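The next part holds the structures, each set out as structure tokens.
Here chain A shows up in two complexes: once beside chain B, once beside chain C.
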Partner chain A sequence: MAKSDRLATRLVQAGFFITLLAAWTIESALHLINPILFPRIGDVATNFLTVITTAATLTDIWTTMSTFGTAYIIAIVLGITVGYIVSTSRLFTKTYEPMLAAFYTVPLLIFFPTFILFFGTGVKSKMALGCLAAFFPIALNTIAGFNSVDLNLRTAAMSFGASRLQMLRRVLLPGAFPIILTGLRVAFIPCFASVLAGEIIASDSGLGHQISQNAQMMETARMFAYVILVIIIAAAFNLLLSTWETRRGRATA
Partner chain B sequence: MSAAFRGKYGPLRLRILSIAVLLAVWEIAARWFIDPAFASPPSAVVAGFGHLFADPKVAGAVGSFFMELAVAFAIAVIAGLVVGLAVGATPFNYRSVFPIVLLLYAIPQVTVLPMFILFFGLGAASKIAFGASHGIFPIILNVVAGMKSVRPIHVISARTMGASKMQILRRVVLPQLVPSLFVGMRLAMAVTLLGVVLAELYVSTTGIGYFTQLFSEKFDPTDLFCLITVLAAIAIGLNELTRRLELHFSRWRSD
Partner chain C sequence: MNAQTAAAIEAQGVSHAFSQATAPLAVLSDVSLTIRAGEMVSLLGPSGCGKSTLLNIIGGLLPPNAGSVRLDGQALSGIMPHKMSFVFQENALFPWNTVLENLLVALEFQGVPPAQRAPRAAAALAAVHMSEFSGFYPAQLSGGMKQRVALARGLSLQTDILLMDEPFAALDEQTRMVFGEDLSVMLAETGKTIVMVTHSLSEAVFLSDRIFVMTSRPGKIKAVVEVKKEHPRTPDFVVSEQFAAIRSELYELLHDEIRRSVESAQQIPKRDDG
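This part shows the complex of A and B:
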């Protein structure tokens, strides 16, 4: 790629964001759109500063993060357990893997009203939703991972008299590990987004709750501030995942 | 395992048996062990369909859900195709614009749901817009990937034989694009469904969101379970349809 071409590419990208910000600034200065529908850039900036300097924001971040963390961990335990059990026999794999895959394509959010019925509008219903969203990719990748382990290795371990536990610890888990890790990575963002979605639809705390509550009170500038905060958190997650992935790629290469 | 589950139809038999066992456990649990305010047995759910859909308002809510989904999906496919063709048209467009598309795709879209409601109101428009905003990304990504998979040698040989730009697009690029477009459509259907359901549940004054809230507050979840079963069936049906289409349209390509 020529040097001038690379520069032009960067210019187009920078130009896109500069145009966006400039349009927003001009719109704010000229009061073109009702600020309830689209807030002024200055108001959003002041609100963002208020939001990140308020101690209560830490509570909201903690609520969302702990709900997400709990859901993710439960999904890992359930997903790997179910995945392992299904992968232990060819019949189970052939029977249950298509069922899990078919279920995975349903927008799992439609079950959220039943979670509200069972667990109320507190954090538990969001935990259940996040857990459900993360369970399927983890379980499906665990099945694929265990089934990808070389049959010769299994036979060799078995003929040396390995017990079931030894087989799992020494042969199956190390062999399946990369694919299981892929499942964990794939499940990460849907799990986080589901917790947020649950909080936005019905909740009494958390970042998503702040977004929907400020929207209902027509505090659009403050809502924007929370949206920006969530986007920053999500961007940090994405950065973390991609760094991890490139490191892992380098290690296995 | 017993002989009943051997052979070609073994997994199918076991699947049917598993579903039957699951339904039986649910039936017994809901009848005798769980508070009827929280669960209702599958037999009651099946019996409840007729009663629930006799209500023209519920049938109307499901009908408008269908309509919103169809319009959102159509917008996503057409807009995604146009944007994808523009992004993939030249290497320069690809290198400069595609990272911006990926950046926008990384934003958790649910956070801007209240914005859509503010802009487009509580009616069908906001649900269509939000569904389409979900569906457009898989289409763009797959159309761009499809254009990248067009072999330069095919384009060059078409040009050597005197094909015009329009002819190259129609005869070389578009046929190569079809399989990836259908992959994109399958993925887009799943996320468009998600987007429309999100917006429907968020708006609790009309449509499906209104009924799910109403049904979960009246201490008899039969109607709620019925409605969710119908929505899940619609989702499974539409996903299966797009999956079949994808298989059908990618058969000709061997690589």
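This part shows the complex of A and C:
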């Protein structure tokens, strides 16, 4: 894409965002909607500043992000391991890949009550849900990634005497890496969403807990402040992952 | 390095078939051949005649359904990375590694101690005149350059036997000629035993001491044609009467086979250098 095109795209995107904010400002000034249902922009801004300057918010961010981080890392380890094992034989791939793909379509939130029974309303039940949500896209992309490695390259490595571990480290992982990385990025959203959903449904701490608490207490402006905070965190993380992905993609192209 | 008369590779009654949904597809039928140490031979045949399969069987990558291969008198039971190395087509270079890393990783696979890898890789790259491209990725090189790197990778492994699978397939006509001349010079110096799969008559004549002409699928050895001309060979050889005569002989041997292979496959072969 030409530089001027990219600039034009960015301008339109910024314009859309500004229009939304302007519409919200006008709505707030004219008192069109009951502020308990939809808060005024000024109130949300004030609340947002209060939220981000309160020390307790750090605890909430830490709770949510550490729960998410743990779930995500466990899912990466499990997903890549299971994906690798399944990809080692054509029979395994034929048998297990469709099963994993079928499971991926199940709305995994339905298992949350089970996790609460097992792990209680603390962070562990959210970890389990987030981990489950991230596992499937990571495992599926890992299988696709390993199977996409050119047979010529495997044959060459084999002919030079590569051991199983060398084959994995030097051929399969670098060959599959771009697709595995896509899996990690795709898995981020369901993982993060599941942790937040878990916190909103039943919890005693975290950003999701704050959102549901404030909603129940009709503190809509404060609730919106937390919503905006979550959006910022999610967008920043996603940007980080996609930047890494494109940079890796360019390096090996 | 090798006694001229010793048999380096002996294939005895090798047959192979690939399993597929309907009936097994027989690709090789009772192939026996002897390749002497230090000799350069070509396996020549129409597309799909099983010559690459035969090369993979000789190299221990594929166990044959029937028959056996002996290497220096010992039965072959799998790959022998210290005795035989493969030069694959240029698409078998690791795209995420630089030229130098492609050689280093092959040496690592072969089990060469770390301290020896860099000098051996550098020497092999120098031999194919690719030293200045050490830091380049394969995607940044032309087809001819990639093929040189693939050759250097095979050479760096310092095996007595070099197995080459259609090393010219991805090259254009002019690059082929130059690459062929360079190959003749280099291979003459190394004294290696070389087995090359090709479907190009000219390259087979230009580079080989003996040419095993194969039939259409299932492949059998139809004839063995000798090329009595010392290495290294120069472009003069290409325009000689001897070259033309051997080439015609090969063409006659292959003509019916190519037609049969085309008719049985109901397709045009990828390339039959004419």
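We adopt the following convention: the second predicted complex is superposed on the first by the 223 of 253 C-alpha atoms of A that agree within 3 Å, B and C clash if a C-alpha of one lies under 4 Å from a C-alpha of the other, contacts with A are read in each partner's own complex, and residues count from 1 in each chain.
In the analysis below, a residue touches a chain if its C-beta (ideal position, glycine included) is under 8 Å from a C-beta of that chain, and two chains touch if they have at least 3 such contacts.
All values reported here derive from a predicted model rather than from experimental measurement.
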Inset, instruction - Once the structures are superposed on A, label A:Asn152 by its partner contacts, choosing first (chain B), second (chain C), both or neither. - result: second
Inset, instruction - Examine A:Phe160 and indicate which partner it touches, taking first as chain B and second as chain C; both and neither are also allowed. - result: second
Inset, instruction - State whether A:Ile110 touches chain B only (first), chain C only (second), both chains, or neither. - result: first
Legend entry - Dominant contact partner of chain A by residue count, chain C or chain B: B
Inset, instruction - Could you say whether A:Met65 touches chain B, chain C, both of them, or neither, answering first, second, both or neither? - result: neither
Inset, instruction - With the two complexes superposed on chain A, say which partner A:Pro174 touches: chain B (first), chain C (second), both, or neither. - result: second
Legend entry - Which of chain B and chain C A:Ser89 touches, first, second, both or neither: first
Inset, instruction - Once the two structures are superposed, pull the chain A residues common to the chain B and chain C interfaces. - result: none
Legend entry - chain B to chain A touching residues, read off their complex: 1, 5, 10-12, 14-15, 18, 38, 92, 95-97, 99-100, 106-115, 117-119, 190, 193-194, 197-198, 201-202, 212-213, 215-216, 221, 224-225, 228, 231-232, 235-236, 239-240
Legend entry - Touching residues on chain A, where the partner in the complex is chain C: 150, 152-153, 155-163, 166, 170-171, 174-175, 177, 252-253
Inset, instruction - Going by the contact rule at the top, pick out the chain C residues touching chain A in the complex. - result: 59, 61, 79, 81-82, 85-86, 88-89, 91-92, 94-97, 105-106, 108-111, 139, 157
Legend entry - Interfacial residue positions of chain A with respect to chain B in the complex: 1, 5, 8-10, 12-13, 16, 36-37, 89, 91, 94-96, 98-99, 102, 105-107, 109-114, 116-118, 189, 192-193, 196-197, 200-201, 208, 211-212, 215-216, 220, 223, 226-227, 230-231, 234-235, 238
